[in-house]
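The letters A, B, C, D and E name the chains in turn, as written, and every chain counts its residues from 1.
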Amino acid sequence: MEFLHSILIKPFADMATAPDFLLQVLWEGTVSGTLYALIALGFVLIFKSSRIFNFAQGIMVVFAALTLVGLHENGVPALLAVPITLAVMYVLAMSIERVVLRPLVNQPDIILFMATIGITLFLIGFGEIIFGGENKRMITEELMIPTGSFEFEPFGGFLLIEQKDVTAVVGAVILVLALLMFLNKSKMGRAIRALGDDHQAALSVGISLSTIWVLVWFIAGVVALVTGIAWGARAGVSFALEVIAYKALPVLMLGGLESVSGAIIGGLLIGILEKLFEIYWGQPLLGGNTETWFAYVFALFVLLFRPQGLFGEKIIERV
Amino acid sequence: QDTLKLPNMSYRTGPFAATGTPHQNGQLDYMTMLNERDGGINGVKIAFDECETGYNTEKGVECYERLKSEGALVTQPWSTGITLQVLPRTNVDKIPMFGPSYGFSAMQDGKTFKWAFNAPTSYWDGASMIMTALGDGDVANLNGKKIAFLHLDHPYGKEPIPLFEKLAAEHGFTFLPIPVGLTEMQNQSAQWLQIRRERPDYVIMWGWGAMNAGAVTEAVKTRYPMDQFVSVWWGAHNPDLKLVGADGKGYRALSWNFTDSEAPVMQDIKKHVVDAGKSQIDQAGGEFDSMAYQRGVLMSVILAEAVRVAQDHAGTPNINQEQVRWGLENLNMDEARLAELGVEGMMGPLKTTCANHTGNAGAWMVQWDGEKFEKVSELLSADRALIDPLVEEEAAKYAAANAPWPTNEECSM
Amino acid sequence: MNAHTAGTQFIAADDDGVAKGDTLLEVKNVSLSFGGVKAITNISFDVKKGEIRAIIGPNGAGKTSMLNVINGFYTPQEGTITFRGQQRRAMKPHHAVRQGIARTFQNVALFKGMTTLDNIMAGRSVHMKRNIGWQMLWHGPALAEEIEHREKVEEIIDFLEIEHIRRTPVGKLPYGLQKRVELGRALAMEPSLLLLDEPMAGMNLEEKEDMSRFIIDVNQQRGTTIALIEHDMGVVMDLSDRVVVLDYGKKIADGAPDEVKNDQSVIDAYLGVAH
Amino acid sequence: MTASHASEPQPADTILAVNNIEVIYDHVILVLKGVSLSVPRGGITALLGANGAGKTTTLKAISNLLRAERGEVTKGNIVFEGEQVQALSPNELVRRGCIQVMEGRHCFGHLSIEDNLLTGAFTRRDGNAAIREDLDLVYQYFPRLKVRRQSQAGYTSGGEQQMTAIGRALMSRPKMILLDEPSMGLAPQLVEEIFEIVKKLNEEQGVSFLLAEQNTNIALRYAKYGYILESGRIVLDGEAQALRENEDVKEFYLGVGGEGRRSFKDVKHYKRRKRWLA
Amino acid sequence: MLYRVAGQYKTSYKADFALFPVRQDAWLLAFILVLAFVVFPMTASEFVFRTLLIPVLIYSLAALGLNILTGYAGQLSLGTGAFMGVGAYACYKLMTIFPGLNLLAAVLMSGFVSAAIGVAFGLPSLRIKGFYLAIATLAAQFFLVWLFQKWGWLYNYSASGAIQVPNISILGFTFAGPTAPAINQYFFVLCTVTLITFVAINLTRGRIGRQWKAVRDMDIAAELVGINLMKAKLLAFFVSSYIIGVAGALFVFLWRGAAEANLFDIPLSFRVLFIAIIGGLGSILGNYLGAILIVALPVIISGVPAALGLPLTPATVDHLNIMIIGALIILFLILEPHGLARLWAVAREKLIIWPFPH
């Protein structure tokens, strides 16, 4: 009885008694969710265009952010560092296409997946040689991202919303809308989706794999840079950031591996639910730190009912 | 034998490199300085080889085996995980293990852990000193307060929990452990939401690597009063605080070392190593003046002193593992000796014995003033009456779990 | 299965309790739709023991879907299937196999990474019994069983003349040979009803002749009942005993090949010019 | 070689020439052992042969899709419109007007039929209106596709997918189409229709065709010239008319012995018969 | 000349079913076994045992387990590390609850615990496929590691939350714990690995193996030829997790000597996955080749700069090392996507037809 009370009633009572706090939790969840969604977005783009499960997305985030910060540390003005970083991401996309993807066209998914792990390791080693291991400050102010905060007093309580988080959320939403337009309305978008279905057939109708892959990996690089700035603004930039890739995987699973809107909705859903669960159930009842697995278990549960995620493409099963 | 093989298991890569690198730079630079200035210790050059582990236990084991086969005189594991692996083997391989101010607090018990050392101080000592300081000299003053313990969810982070729990039971404060997972280090909003909800009177941090930076930024963001936020020595780390700058004013940490870039030892390092271009430190970033770097220097000071003591005792500059062990067990770094070594004021006096492998040097509270750390207390010391029995109990437990476990009967507590 | 059949015939005679000429399979009022698409509308027909029954119709008529319904891969929204006297609507495909329905597929569905031999051996899974314990040991009963079944499989391989590709991973084989391996796999299941979905698509004349021969032999020597989808009218007219014609999910004709061939609605819907 | 070379088209109006190519898969499996053929501009040329003879491989070698299967052309060269093209990427070839319809359909399963068709226009630069026009043309050729144009290709029937694949290739406005087994799995009247479409495109728009086909009968009816491939070698070539009258071709590919068409039921032996060369 | 197979005829299916229909292969195996059982023990140093031989064997075993699931049954799993953890903690609990238990029995029994949990987490595979399943296995990964951290009973409530292996002897030989000589541990591991490899070979070449491969290549078709998908998949999860569990128990008891929950975290899973893929999915031999490449090679490369006298700091060496491993993975995938085992098979083909090119 006691037990049931603590899992079924008390958490909700807590929510009701401190609504301002609940709002804060929801907001924090939204922000985390947006950040997860941003990483997931990079995965989705690449998956959609090539069925490659790009494990390197996490390290691309680190790499992009470190390049930006590193350039700035070496005296390049922030607003110039951004285009240079983009150029670097473009070169990266091109090299990956040339060295890794092109020779592996039409190989089984798992092989390409492994190859991206290879890329990850390579970039970790390479990045650490260039940038070193220490935690660096993101150049938030220099990029003219507002750093102040809004404070509200809802329900006589206290709600704190940081401006840079607002920027991240708004930025993510714009990015998603733009990508949706691009994928669904443009010729490139259609080619990207075609490529995901069948590499060889795409080649045969004259879709240029190299062009598309470079393009897609570059867009993923841009998404990575945005992600890197948003995360970096919270806790600095270092290679420790690489592990955040794991936070994006359940988002993908939930939203569907090839759905852009799935990434954002899945991200928000997971961000908010995992925060609620941790605060109201995990910490009081399970010893905390449930965020490491909650998203996975939740997504797994949803998958049992929708094996392709909430918005993913149905697996075509025919004989 | 023409060199003293004193290798280090460093990690300049991976998620914890941010804290590892400056410490290991400090350790390395002091040894290099000895080689440059004095030609080693008592005329024997030091081979301070590094073996990179990336804070990865697996590589740690590989390093251990490699260094052992190369005739290492000491093991400096630099991670609780690796310490765990190596600790049981010390008795067999007979190589002393030196984990300055990390590893197991129970390693203090030299009778049980004949080959393991964690001088100058242990985590339990640290926990006790912090609690005493927070209670203004008496933990009893914390009665009725709520104390949150933000820690890495890892053996290292869990290490002081038994001590806090004991204190909480004795003195009637509420103890609230808040774990931070490895993947959550960068985004601790759940933890800080919990802190906001629970409104603890103090937050004590046992963090490492990217976690500390994350916590400091979150604390600033959630407007947690900085002067109620205290860390163990690893949190006295300048780059973490530089992220928040003036907003971090008031943040405190317990540190067994303090910076003094003018101290003779630092000047010698500057002259013989840094200015000679033999250091890997980031000079522009102010690493030389940082707490972590100078802490690393002191770690090597202690080890070199042990070697010296051992050489004197053995009557030969060429010593073996057993003799290094003896040296670590017979350190006597009083004020005078500290001054001779040129580290006066940088650390508290230290004396180890056969029974006490920690030496229980004291520590200071240091506070971030917006730009750098300042000493804000006298040299504190831990509550021995509280810790020693706990050490004995835990050591006995360890020995029982690993029976048959040889104890060093030569020394009695 | 009867293991003691005399003679060199590679497959045991079929004794599923249905006499030759009786109804083996009956499809009654079956309808199937996918979302809005009506693939099959209220179709009934039967297959008699021992005959070769052809199903023809234009592309998208619902022929493949019909086979999918028969072997349990799709569950029809309406109607019933009666096989060997047992009536059902839904069932798991692997149960259908156990009951004696085997098939080949329109788009070859072989196990691409496995060799020809393994593919056909996989077809015998249903007949192999040794448990995991024996399998772990391999020597002894598991090996004996393996050899016993290997012999049968080798006979099929001989019969289909695919000895030379026994150890080739089937993914690398040309299409025509893949189709043959697929037939081999279906035969290995020792079915009493064999469903063939366009077994001769993509073959040249010579190969079609070979394939026809295989089909006739299976049908005659073993008495296996066959339902066949094929677009080559020559093959259909020559081989089949009766033909059912589907058009956009509806049955438009059913009867002997000659009747069907001259049926005007069939000519309009499917044949185009009379052959 | 049994056929005369006199009738071979002059190089000047040859749109595609394959000269003595050798193809190896996986570094070890030698599949084509010196294949040469040519297609005249505005011609329809058939490539005939048994399963595994190497027809598909030849076509893929031309359209440069081999690399994706770990195959490579190790000898010889391929000339399209007077230029060597072995080194070009497949999309460049499509841009230049040479497109392949792959064997086994290869539709984009998750795209609608219409989107599938539109992907065919990827290399085109002549604006949406022109593309729309061609789309209507394709729908005219294949009315069934118009009905199902919003369906996901993965769920359409085999024949519908085949039509989609051919329609998709037409969308690129090619000068030359490499057609791999277009009749496979199509209903008889559709087969006729497709070949009629081939003929129409050929006559009205001057598109050249190289078609690999098992249905020798119909292929030789529409093609002007034919090559017969056995185990990676060309064993016979000639005008379609001549081939149709060749006794061996009649016996093995057309199924007409001396006394008219054989019934499939009457084939009494199924032992492999002797090949010409192998 | 080395691989002349001409003249070796098989006169019965039994002979054809022999493990090594080609005589040279049998010789090669005999040679390797002699190397493993006689030559290495006589020559290897403790360093070689502890950093090369023992880990290579244990990792091979874990990769073998994963390979059964991923390479044979086609179910991609990223949770290997956690299942190794289950094996390790199970063995620890068994040894602490029944201190007199024979170590071999404990190791083999702990596999069953991991197998049971593997089957539980395998249940979703009946509905979830491909990468979705792979991510779902991460649920097992993260949840189990969290459990290892939070459930004090598992580590006997030790303060650090870690487990320590006590000294364990059988018949007077110490096999586990700090005093165990490396050579004893090596033999223990070698025998266990040999035994399980033998069983795995048998399983994969018989009916069950065929069913797995069928499920992998095309699960719909597998069902349509009468294979019970549920049974086949769950059996694959069972066998795979069993082997992985045993590997985990060996990992901690015969090699590491102590473990904390984070040891079983995702990097371990990936490591094993690398080995299985680089070695070759769907191959038994590949696991050994992969383990040699992934486990032993870094140990060897990291010694190279020093041996060459290059003035690189250990950190740079390590960074270079990571880069090289990453590049090697990509290189090997491009060279032969089916792994080292296939590379060996091709080489063998060439040796058979040598000196002719085709």
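Convention: a residue touches a chain if its C-beta (ideal position, glycine included) is under 8 Å from a C-beta of that chain, and two chains touch if they have at least 3 such contacts.
Quick caveat, the model's predicted, so the values are computed rather than measured.
Novice: Provide the labels of all chains in contact with subunit D and in contact with subunit E.
Specialist: Of all the chains present, those in contact with both subunit D and subunit E are A, C.
Novice: What are the chains that subunit A and subunit C both touch?
Specialist: Common neighbours, subunit A/subunit C: D, E.
Novice: Would you kindly say which chain has the C-alpha centre located farthest from the C-alpha centre of subunit C?
Specialist: B
Novice: Measuring centre to centre, with centres taken as mean CA positions, what chain is farthest from subunit D?
Specialist: Measuring from the centre of subunit D, the most distant chain centre belongs to B.
Novice: I'd like to verify one number: the distance from the centre of subunit C to the centre of subunit E, where each centre is the average of its C-alpha atoms, in whole angstrom.
Specialist: 41
Novice: Report the inter-centroid distance (CA atoms only) between subunit B and subunit D in whole Å.
Specialist: A distance of 75 Å separates the two centres.
Novice: Mind checking the centre-to-centre distance between subunit A and subunit D? Centres are C-alpha means, answer in whole Å.
Specialist: The answer is 45 Å.
Novice: Quick one: report the Å distance separating subunit A from subunit E, using the average Cα coordinate of each chain.
Specialist: 32
Novice: Counting only residues that touch at least two other chains, what does the list for subunit E look like?
Specialist: As it turns out, subunit E has residues touching two or more other chains at 146, 149, 220-221, 224, 315, 318-319, 322.
Novice: Residues of subunit C that contact two or more other chains, please.
Specialist: 64, 73, 105-107, 109
Novice: Provide the list of subunit A residues touching at least two other chains, using ranges where the numbers run on.
Specialist: 124, 128, 246, 287, 289, 292, 319
Novice: Where on subunit E does subunit D make contact in their complex?
Specialist: Of all residues in subunit E, those touching subunit D are 346, 349-350, 358.
Novice: Can you check the complex and tell me which residues of subunit D touch subunit E?
Specialist: 26-28, 30
Novice: Provide the residue numbers of subunit C that touch subunit E in the complex, in ascending order.
Specialist: Against subunit E, subunit C makes touches at 71, 73, 92-94, 97-98, 102-103, 105, 109-114, 118, 121-123, 125-126, 128, 130, 132, 135-138, 142-143, 145-147, 150-151, 154, 185-186, 189.
Novice: Residues of subunit A touching subunit E in their complex?
Specialist: Within the complex, subunit A touches subunit E at residues 53, 99-100, 103-104, 107-111, 113-115, 117-126, 128-129, 246, 249-250, 252-253, 257, 286-287, 289-290, 292-293, 296-297, 299-300, 303-304, 307-309, 312, 315, 317, 319.
Novice: So in the complex, which bits of subunit B are touching subunit A?
Specialist: So the residues of subunit B in touch with subunit A come to 12-18, 20-21, 153, 177-191, 193-194, 196-197, 209-210, 213-214, 217-218, 221-223, 239-240, 242-243, 282, 285.
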